[in-house]
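Letters A, B, C and D name the chains as they come in the text, with residue numbers starting at 1 for each one.
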Amino acid sequence: MALDRLFRRRRTRGGGREVPELWVRCPRCDAQVYKRDLEQNLWVCPECGYHHRVPVETYVAVLADPDSFEPTTGKVRPTDPLGFVDTEPYPERLARYQQKTGRPDAIYGGRATIGGVPSVLLVMDYAFAGGSMGSVVGEEIARGAELAAAENRALVIVTASGGARMQEGALSLMQMAKTTMALDLVFAKRLPYLAVLTDPTTGGVTASFATLADVILAEPGALIGFAGPRVIKQTIRQDLPEGFQRSEFLKKQGLVDEVVDRRRLRETVVRFLRLLYPGEVDAA
Amino acid sequence: MALDRLFRRRRTRGGGREVPELWVRCPRCDAQVYKRDLEQNLWVCPECGYHHRVPVETYVAVLADPDSFEPTTGKVRPTDPLGFVDTEPYPERLARYQQKTGRPDAIYGGRATIGGVPSVLLVMDYAFAGGSMGSVVGEEIARGAELAAAENRALVIVTASGGARMQEGALSLMQMAKTTMALDLVFAKRLPYLAVLTDPTTGGVTASFATLADVILAEPGALIGFAGPRVIKQTIRQDLPEGFQRSEFLKKQGLVDEVVDRRRLRETVVRFLRLLYPGEVDAA
Amino acid sequence: MPLEFERPILELEEKIRALETTAREQNLDLSEEIGLLKEKLARLEREIFAGLTPWQRVQLARASGRPTTLDVAQGIFEEYVELKGDRAFADDPAVVGGVARLEGRRVVFVGHQKGKTTKENIARNFGMPHPEGYRKAMRLMELADREGLPFLAFIDTPGAYPGISAEERGQAWIIARSIQRMSRLRVPAVAVILGEGGSGGALAIGVGNRVLIMENAWYSVISPESCAAILWHDAKEAERAAAALKLTARDLLSLGVVDRIVPEPGGGAHRNPEAALAELKRALLESLEELDGLDPEALWQDRYRKFRGIGAFEEG
Amino acid sequence: MPLEFERPILELEEKIRALETTAREQNLDLSEEIGLLKEKLARLEREIFAGLTPWQRVQLARASGRPTTLDVAQGIFEEYVELKGDRAFADDPAVVGGVARLEGRRVVFVGHQKGKTTKENIARNFGMPHPEGYRKAMRLMELADREGLPFLAFIDTPGAYPGISAEERGQAWIIARSIQRMSRLRVPAVAVILGEGGSGGALAIGVGNRVLIMENAWYSVISPESCAAILWHDAKEAERAAAALKLTARDLLSLGVVDRIVPEPGGGAHRNPEAALAELKRALLESLEELDGLDPEALWQDRYRKFRGIGAFEEG
């Protein structure tokens, strides 16, 4: 839920920015990397393997088979059910993110084939209000699940979220139940659901649809958990152990199936989907 | 499985012995208690609460409503499928236990009402080969479950066992699957199954029907686990923590519902059964 | 310790009690004066409670003396037994539950459990569950399904425990599972927000066919304090956050998040728990009656329709 | 390190290899001598293996180089993916499993996993699962049910881990649950004892509609060493215990504990894993074929009949 704090920091990090710099400095190993090289490397630092955040389009480009993607999201737009005002009115905040991302809310996706497997691919957008889940994100996830069930598609969701969206109050909270229940339509048809957890995935998203997948993959070094580290530190009044709540730690705890380098993400997803998908799959 | 070692010690402990002594010394607090007082106290030391082992009849007397008990076990007799000989041939060992206990194997039970609730009550006999589970114990448990299902009775099992019976080899092991599956007949009819774990309950009995009960009660201080303490000590090559694998420890670990003093066992069992049993129950 | 806005009421009550004592001891007839004061008291209480701010309701929801899950069990069931432990790792004292008889009808219940005293509260971890607590809840859901008994859930938690021990055992994972398991119940499920409905830790046992809320309870995606800390970098702005979050019973009813408000007696449930529980019992029985006769598929559909429909957005 | 009784075979093989080398290097025709020695080798191998004692089979079942679960996956599946973790506490490396394609048909598999080297074995805890391992197995059973895929279980464990860490997290409880969960599978289930079938830790994933056993595997209520320690207070009496326990494939077949023996190539599976796996694959496919077309109820009945019927007793 500690979203706003997080997305205030966002612009100083890699990936989403529009400034046409030629060189990018790695926040982990300080290496200066030529931007074009970094892009070709899917924004993984060639020196230390640090995974920069990348725009949602990158995941679509990486995962969807060429020319197979057909967007279905975007018809649902957020409103201001609570009349919420913090440092600015919620509608203004929304307008700002909408302008920045060109999308109505923090999710993007549609039909695609992935390694030949008919799929619904949904990607959460951390650049939009910290990927927070309000009514629209919940609705799009539910519609995506319903679409997958209706058309016998696998469901693939790439998550990135600070949690539920405060500005929609309890309505945001209820999206946890809504998305969870919608998944059962997919499961009832014996279709697979695969989740890719990226940095960060916390709060209500982790505590609902994100962790209910048949297969949970996580990008290296991603922060994944229920409570954010700051909240935990406040609770226990001591520092957190190194690597706590990071993908590798969660793997050890039996909570994710694999930690997958972004450069091997597509082949890994395809490998799982082709075995978990019940229908015939063309060799793609 | 460390049964024989255990039942060799048995005769020096309370409860089952036939020697007509007037005073009994408590192995925990050393108090000398007049035997008749101890009997009236259900063999619980009035000084320190130590639970002496008691014969199976005591549990029947404690739990079954007066005059309600009607034995159903005893028609099934063990054989020697492996031709097993250790320090003596298995048939001789069996004959010895049969003579000592007056029963064909390590289990006794039948129909009863418990606080008015129609039940099948089965009690394992630690005095018979350390309560080890071979074909006969497995068969009687399965028949008891089937009887409960057929006659709409609750199933109540009092366990005491060193584990599976070595002398019947893999046949003993298979009783774990047999008893487990038979319980599903009870569950399918929405009938409750309550287990009372007494000292000791280990090995294959703990790892099958004993721990699958809707409600697990344990007598104070009972040793309950999968591996015996000696085996664990050998494995880890260090001493076990105080109270490890004892009822109170298991309660803390969320593995049993309640630790119940034998003097309060009947009222506790009745309280649970009357709420878990689906049929009408007379005020008893 | 009384709440700030309760003071005038308590002072007037004190005055009435003093007058009554005087009357008795001095054998005077002060019945007229006392009668007038009692009328005034009733008026004052009505006035104060009619004008309660969301933040004041949050305080009421946390008031000591407010009925906890075990108080509810004690108060509305003819009899009950508690089942303990998750059969895997621990018994979480922040979650209680078992089987009970409600007006002769057997039900399975579960609820967050706070303590009455500081010591008890520490033992109960202030009603903040670990994964074990949700595993216990899920064990009870299994039991309800198998025995075909209605499932009642009592919500009263500031939130799931946000600590290392909970995170490393998959707090998020188990909350998701608990939501999923509850949504799949084959029996009628009714959830009640008793006091605090803190975020995912509350919703984990909140997927009822009917969701009720006590008049002065709150239910929110985040606590007012945490919300304030994030938005205004100051937990003292909690009052503002409480208002912004629309977390009161009436707000939630109009948002479609809850189905029914259970009225509390004048002064709040903590001042008259018995009256509050009588109302709660009535509401529960009526809710269960509404769900009678629905088969497992219909119950699932009912829950799906309900939660699928919650949210605010525009098409196009 | 070769087993004692394998020595004559290995020595003869060595001799043949030496002759072959000589023939090649010196360009001599030793084909007749070599042919005779090869016949002798085959005869020797047959003789030794026909007369194996139960204890020798136990040693074969533990022989290094014997195919492990992942070797089986590698060897008989066209492709497979591993799922990891129990989604609750840990990933137990002593249990592996996932989804695979077997002759074009999708299956879910699980198995105990030993290491090949000491280091690997320590990492795999010598194939002795903790509760997490069984929870992983149960997760895979859920998946098999939901996807409607046949379930294959490969048993190769000295037993469930008998240590504090396992006991305190309910080793017995989870084994019981795993037996129960597997018995409730709505899909065909085939279990194979690959190497060691140690007690409850093995049976936890052994409740198949068909239970197969490799020719030199063992399956027992207790390991020969532990049995000897209890009965004769001397683990060195393991040889005697191995005989008494009737733990060989042939004994188990006649006791009705297993349904089919999968023959191993001359010298045992560890000397020719490929041939062993080819036989195993054939047996698995045939077993699955036998179960084709049975609905969930029929599959349950089949398992119930099977296990309900195991045991030796007299009536009356």
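Following the convention adopted for this analysis, a residue touches a chain if its C-beta (ideal position, glycine included) is under 8 Å from a C-beta of that chain, and two chains touch if they have at least 3 such contacts.
This is a predicted model, so every value here is computed, not measured.
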{"item": "Set of chains whose contacts include both chain D and chain A", "value": "C"}
{"item": "Selected pair, greater C-beta contact count between B-C and A-C", "value": "A-C"}
{"item": "Length of the line joining the C-alpha centres of chain A and chain B, rounded to whole Å", "value": "53"}
{"item": "Whole-Å gap separating chain A and chain C, where each centre is the average of the chain's CA atoms", "value": "33"}
{"item": "Euclidean distance of C-alpha centroids - chain B vs chain C, Å", "value": "42"}
{"item": "Shared-contact residues (touching 2 or more other chains) in chain C", "value": "87-89, 169-170, 173"}
{"item": "In chain A, residues with contacts to at least two other chains", "value": "211, 253-255"}
{"item": "Interchain contacts (touch definition) - all pairs", "value": "A-C, A-D, B-C, B-D, C-D"}
{"item": "Of chain D, residues touching chain A in the complex", "value": "79-92, 98-101, 106, 132, 135-136, 143, 146-148"}
{"item": "Of chain A, residues touching chain C in the complex", "value": "1-5, 75-79, 81-82, 84-87, 134-136, 138-139, 142, 164-166, 168-178, 180-184, 202-204, 206-212, 224-227, 231-232, 235-236, 240-241, 244-245, 249, 253-255"}
{"item": "Chain C - residues contacting chain A, complex", "value": "160-164, 166-173, 175-177, 179-180, 183-184, 199-200, 203-204, 206-207, 219-222, 226-227, 230-232, 244-247, 251-252, 255, 257, 303-304, 307-308, 310-316"}
{"item": "Parts of chain A lying in touch with chain D, wherever the complex brings them together", "value": "187, 190, 192, 211, 214-215, 251-258, 271-272, 274-276, 278"}
{"item": "Contact set on chain C toward chain D in their complex", "value": "87-89, 131, 169-170, 173-174"}
